[in-house]
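Here come two complexes built around subunit A, the first alongside subunit B, the second alongside subunit C.
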Partner chain A sequence: MTKDAVQGAAEEADQAQSKKGLKKQQKEAEKAAKKAEKQAKLAADTQSTDEDDFAKDRYGVPQMVQSQQKLDRVLVRVQKLTPEKADQLIWVRARVHTSRAKGKQCFLVLRQQQFNVQALVAVGERASKQMVKFAANINKESIVDVEAMVRKVEQKIDSCTQQDVELHIERIFVISQAEPRLPLQLEDCVRPDGEGDEDGRATVNQDTRLDNRVIDLRTTTSQAIFRLQSGVCQLFRDTLTNKGFVEIQTPKIISAASEGGANVFTVSYFKTSAYLAQSPQLYKQMCICADFDKVFCVGPVFRAEDSNTHRHLTEFVGLDIELAFNYHYHEVIESITDTMVQIFKGLRDKFQTEIQTVGKQYPSEPFRFLEPTLRLEYTEGVAMLREAGVDMGDEEDLSTPNEKLLGRLVKEKYDTDFYVLDKYPLAVRPFYTMPDPNDKVCASLNAHTHTTHAHDTIVAFTELVIRLMFPPQKYSNSYDMFMRGEEILSGAQRIHDAQLLTERAIHHNIDLEKIKSYIDSFRYGAPPHGGGGIGLERVCMLYLGLHNVRQVSMFPRDPKRLTP
Partner chain B sequence: SLLGKDLGALRDIVINANPARPPLTLLVLHAMLCQRYRVLSSVHVHSSVSGVPAQLLSCLGPRHADSYVRQRFQLGFTLIWKDVSKLQMKFSIQNMCPIEGEANVARFLFRLVAPYPSDPALATLVDSWVDTAFFQLAEGSAKERSAVLRALNGALGRDPWLAGPELSLADIACYCCVLQTGPAASSPANVQRWLKACENLGHFGPANPLLQ
Partner chain C sequence: MMALRELTQGDKKVPVLHSNNGPALVGLVTIAAHLAQEAKRPELLGGSAEHKALVQQWLEYRLTKVDGCHKDDIKTILKDLNSYLEDKVYLAGNQFTLADTLMYYGIHHIIVDLAIQEKEKHMNVTRWFDHVQHYTGVRHHLPPVVVLRNRVYTSGHH
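Let's look at the complex of A and B:
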C-alpha cells in the first residue's frame, strides 16, 4: 500500500512534469510560430516596400557627398521661410531637431543655426507609408535635404522660430547620419536654470557641456552668444578704423614679461626659454614710437594665473588699443569710452534677436549706459565705499567684492552698468604707468592758503614737511573700466620718457637687461600716449549678464581644461 | 550741513530728467549754485533715451576748464537725460532716499544757495507758491492758470517779490512756470512788472534758450 502510494505519487509527479514540459513545448512552438510569422511579415513588408513603394525615389540615404555633381538646386535658409514663400516648392538643408511619428504622419522640427521650422510628412499621393516610417526613424541631429511645399498655418507654431509656416515634405534625403545616441540633449542645454528641477528633468552641468562642446555650440543660446561676440569684434574694428586707427599684429612669443613675471607661461625656445605674451603692451607702445599714432590689435593673450573663477581664463582674446595724445590722457579715455559706447549701441540696435535669445535661457536686465561715459576718480570710489561701511586705505587696491559693491553703488546712483574709475594709486599699477602730477595733499593745502593769510609761513612749512614725509606721487594717470561691476579694461598713460621709465623699472625690481629694447624705443623721441586692453569674453559675458566666462569662450582654456 | 559729512571726495548731485520736460527751475538754480560753489557740471544721456536735442546737451553751459580734475570742485551737478516719469534727484544714496519731483529738488538746491526765511509763516508761503507753480501753472487747465495769474497779480501788488521784500524760490519757480505755459504779454500788469524784475536779475539766462 505504501509502495503503491509511493509509486502513484511518483507517477503523478512524472505526469505533472510531462504536463509542464508539454506546456513549455507548446509555448515554445507558439513563440517560434509567431517569430516565423513576424519574419514572414517583415519579409513580406520589405518585399512590399520594394514592390509597392511608389515613393521609393523620394527618400533615402544617398551616396556620400564627394562632390560628384554640381546641382543648380537652391537651398533656402530656414530663416527666410516666411508667409511670402507660401505655396512654393523649395529645397532646405537642415538638421533634424526632433521627430514625432503619429500614425500616418510624422512631424519633424528642422533646425538651421538658431532658427527652426516645423515640417510634416504625411501618407498621401506624394509620400508612402514607408517614407513616413523612414522619416520617423532618422536619428536626431542628422542633416537632411528636404524638398517641400511651404504652407501657411492657421495657428501660430509657438515652439518654432518660423511660426507662420510649415513645410509639407515631398522628398527627404539624409546627407549625414548622426549616431542614435547623443552624449547630451539639446533641450536640456537650453532650459533656463531652475526650470529643470521643478519638472524633474535632466540638467546638464557646465563641464559636460564643455566636454561635448560641438553639440553644445549648436544650441540657440550658444549660436546667439557667438554671433554677438563676432558683432563685438566687428563693431570694435569698425569704430576704431573710422577713428583712423591702424590694426597691427604682434608676436605672442616674447622674451620678457610685460607686467611682472609671476603669471606668465614659460615655453622652451630652442636653447633658451621664452614667454607667452600677457598682452601686446610693449609692442603696441613700440608702434606708437614708430609713428603709427593710433593702433589696435585683436589677438590671443595668455595668463598663467592658477585661478579657477567664473571670470578667469588662461587664454582669451584681447582687444588692445594704444594711441598718442596731444596734452591730456583723458583724450585717450574719451576715445576708448566712445568706442565702447558705439559697441553697446551697435549691439542694442543690430543684435536684438540674439540678446533676446540668450535672455530666454539666462534672463538679465538690459545693459544700461551713459553717454558720455561716467568717469569717477579713485578717491570718490573709496569715499562711496567708506560711506557704505567698507574699511579700506587710500592706496589700497580694490578687492573683487569691493569692486562689485562699488559697481552696485554706482548703478544705484547713476543707473549705469558702464563707468570709468580714474586715478588709481600708483603703487598698485605696473611700472610703465605715468604718475599723477597733482599731489592731492599739496593741492588741498594750496586751496586753503587764500583763506589763511596770517598763517602763510606755517602753511608753507607744513607743506614742506608733508612733501618730505609722503612721496609726492601717490596717484597715477591710470584707469579701469567696469561693466556690471566687473573690470573689463585696465589702462593708463604710459611713461614715454626713457629716464623716468628706467627709474620706475628699478623701483619695481625689473631686470633692465630684459627690457632693454623696450626702454630703448623711447630714447629717440616718443610721443605721449596711453591705451588699454579689453577682454573680449568678459565684455560679451557682462553685456549679456551671463555668469561664467566659459559660456562666451568657444573652446575655453583654464587651469583644468585643455580640451577640446 | 545739508551736504552731509565730507569724505574728502567730490559730492555729486545726480538729477535724472526727462528730455520731454526740461527742468527750467533747476537750470536757474544750477547757475546760482555755480556763483556760490566750485561746481563740476556735466550732462549725460542715458541709454533709455535717444535723439536728445543739442540745446539740452549744452544746457549747463560750456565745460569747466578744470573739469579733468574732479578733486578741484566742491560740488558735482550731474544732469542725466533719461526716460523717467518723474524728475529724480540722487545725492547721498546711503543716507537719503531719491527725491522725486522738480519742486522738491528745487527746494533742496535753493537751500544750498540761500537759507529759507526764518519766519515759519513766510517759509510756508514760499513752499505753497512753489506747489502752486508746479501743480496749477505747469500742469493745470487754462482756467486754473488764469486763476493763479490773478492770485500772483494780487500778491505782487502788495510786495515786490512773492514772499516779501526778498527774492525767494517762489519767484524762481513761478517765473519759469509762467513763461513755460504762455506768452508774457497776456499776463496782468503786476505780473508783467515782476517778470521784468526777474529778468533784470540775470539769473534766468540758462533757462531762456529752452523757453520756446
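Let's look at the complex of A and C:
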C-alpha cells in the first residue's frame, strides 16, 4: 500500500468516526431536551398542586422530632382500636406495613408490634388527590402519625388483627422515613415452611434474617417469641421469689473453669488471663455456704464449644438455682420441677395469644406436662432404650439421638413432654457431683453367705471387703430435665464436704490451687445443697416446639456469628 | 448330592447349584425355586397362574432393585414397598411365598440400620418384616430387629 492510500484510509475512518460521534451528540441533545421538558412539567405540576391543594396542611414530612414541643395529643394503641371506639377521631402512631393505591383512594395497613389495622385515605372533603398520592408513596416501614376516624366495617378484615374497624385518615405525617428498598420483606419472614412454594413466593433463609435482625424482629412471630421469653424470666423470678429465694448477681470474669477446662473462653486480664463463666456454679454454692439458703441468678453464660447445631450457642442466658436441703436431694428436684410447672402453667394461661401467633408460622402440638413431674432413673431410661433396640452401655452418656428417642418413648408411655432423668453415671458428671451412696454390694453379700465351701466364702468375703473399702461408685445424685426430648437443665447434689471435694477434684485432674477459695468455702460448716442451671433459650424453643435456638435468641452468638 | 458354588459373571457373583441328576442350575431365584420343588413345597411358588406371576414379579424385584442397590435408592424402595404393602399381609397377597423369604433376606441389612423414626415412617414394611422374621424357620441366625408396637412419632413433629 502507498503512503497516500494509507492516509486516505485513515481519513475515511476519521470521517466515519465523526459521523458516529455526530449521531451520538444528537441523541444526547434529544435526551437532555426531554429531561428538561420532564423537569419543567414536574415543576409546573408541583406548582399547580401546591397552588390548588386545599389539604396541604393535612399531610407531609414534618421537622425531625427533636423535642421542640410537648403536644397534648393522645396516641391510641392499635390494639385498642375496637368497635367501642367507632366514630371517634383519634391519633395513632404506627408503621406503614403495606400500602396499595387504587384510583382515588389508598389503602394502608398500619402496624404496631404484632397488631395491625386497615386504614384508608380517599379523595373527598378532608383529603385531596395530592394527599392520596403522598400516602401511596410513603415507603414501607416508615413511621407515621395519623389522625383518623374509627369506622366499623360490615365485612371482617381477615388480613388484620383489628378485624371490625378501619381508620378513615384525615391527616397523615411521616415521623420517620424508611429507605425505599428493604433488605428483606416482612411477609416473606413469617411465611410458614412450604406455604407459597407453589406460587413461587420467597421465603427468607435464617442467616439473611439474622443479618437483618432489626427488621426480622418486627415480624409478628418474633414479637410473640420475645414477649413469651420475657414471660419465662418473669415467671421464673416470681415463682422463686414466692418460694423465699434471693436473687444474686455473680461475676462473669472468673479465675477457674467450673465444668472442665475444654470449653471456656479465655480473656486476657492485665498481666494474667481469666475465663468467661460457663455457669455461676461456684458462686451460687458459695452463697449457700454464706447462709443465703435459697438463691437464683439470671445472667449470661459462655460456652466455647465449637458446635454448630440447632441448639448450641456460645453465649446464652442461664437461669440458675441453688438451695440447701434437709435430708434428701429430691427436695431440690421437687423445688425445681415445681418451678418449671409454674412457668408452664403461667405461659399456658397468660401467653395464649403469643403461643398461637408463633403456631401460625411454626405449628406444633401444645406442650404437655404432668403434676407432679415424672422422675425416671437413668437405668430405667437405658432399659427403655434397650427395649426399643438401642445398644448402649450402663454407664454410657446419652447421645443426642438417644436422648430424643427416649423423649419420644416417654411421651408415648406417660404422655408428658417434661420429665426428670435421675441418677446419672458419676463418670459423665463434673467433679463437684455427689456420688450415689447406694451400692449393689449388700445384695452380693447375701448371695455369698449361701456358699457352702469355706474357701469360696473367704475369697468372696475378701472381695467384698475390698469393694466396701473402695466402692465402685457408678452412679451419682445428679439429674437432667428434658423438654420435648431435649435437655434443658443439668443439676445435682453438690459435694459439701471439703475432703471429698478435694478427692474428686484430684480424680478429675483439676489444679487445686485455682479452686482453693471454692474448696475452702466448705471448711467452715456447709449445708447439704443442690441445684441446677436452665438455658432460657432452650426452654422457649422447646416450649414453642421450634427447631432452632437462634430463633429464640435476640442476637444469637455462635462459632460463626458475632454480629449484629 | 448337591453342591453350591459361585460363578463370577462380570462384577457379580452368581450362585451355581450342581446336582447329581440333571444340569447345573444358575442364579438365586432359579435355585430357590428348584429347592422349593425338591422340598415338596410348590405352594411357595404360588397357587393360581396369577399368584405364580406375582411371586415371580417380586422375586425379580428383589434381584434387580434390591440387590446391590445404591444408598439413594433405599428410600425409594422402602417407599414403594410401604405403599404396596398397605393392604397386604404378604408380598403376593394373603399367602406366604418364596417372595417373602427372599425379600426378607434381601432387605434385612437395610431394616437393621433404620432408626425407629424411619421404621415408623415405613410402618407397613415394618409390620410385614416383623411378621416374616417371626415366621417359623425363616430368621435362622439373622439378628432379630426390634419393632415397637406403639407409634412414638405421632405428630410428624421434630
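Keep in mind that, in the parts below, the second predicted complex is superposed on the first by the 489 of 564 C-alpha atoms of A that agree within 3 Å, B and C clash if a C-alpha of one lies under 4 Å from a C-alpha of the other, contacts with A are read in each partner's own complex, and residues count from 1 in each chain.
Just so it is clear, a residue touches a chain if its C-beta (ideal position, glycine included) is under 8 Å from a C-beta of that chain, and two chains touch if they have at least 3 such contacts.
The structure presented is a predicted model; accordingly, all values stated were derived computationally and were not measured.
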Between subunit B (first) and subunit C (second), which, if any, makes contact with A:His168: first, second, both or neither?
neither
Counting only touches as set out at the top, which of subunit B and subunit C does A:Ser364 meet: first, second, both, neither?
second
Quick one: is A:Glu387 in contact with subunit B, with subunit C, with both, or with neither? Answer first, second, both or neither.
both
Pick one for A:Lys404: touches subunit B only (first), subunit C only (second), both, or neither.
second
Once the two complexes are aligned on chain A, which partner has more residues of subunit A within touching range, subunit B or subunit C?
B
Between subunit B and subunit C, whom does A:Glu412 touch in the aligned arrangement: first, second, both, or neither?
both
Of the partners subunit B and subunit C, which touch A:Lys85 in the superposed model: first, second, both, neither?
neither
Answer with first, second, both or neither: which of subunit B and subunit C does A:Phe344 touch in the superposed model?
first
Starting from the residues of subunit A touching subunit B, keep only those that also touch subunit C in the other complex, and list them.
387-388, 409, 412
Residues of subunit B touching subunit A in the complex
5, 7-10, 12, 14, 16, 42, 44-48, 68-72, 78, 80, 82, 90, 92-95
In their shared complex, subunit A is touched by residues of subunit C numbered 115-116, 145-146, 148, 150-153, 155, 157-158
Subunit B-facing residues of subunit A, complex
328, 330, 344-345, 348, 367-372, 374-377, 379-380, 382-384, 386-388, 409, 412-416, 438, 440, 443-444, 447
Tell me, which parts of subunit A touch subunit C in their complex?
364-365, 387-389, 401, 404-405, 408-409, 411-412, 484-485, 545, 547
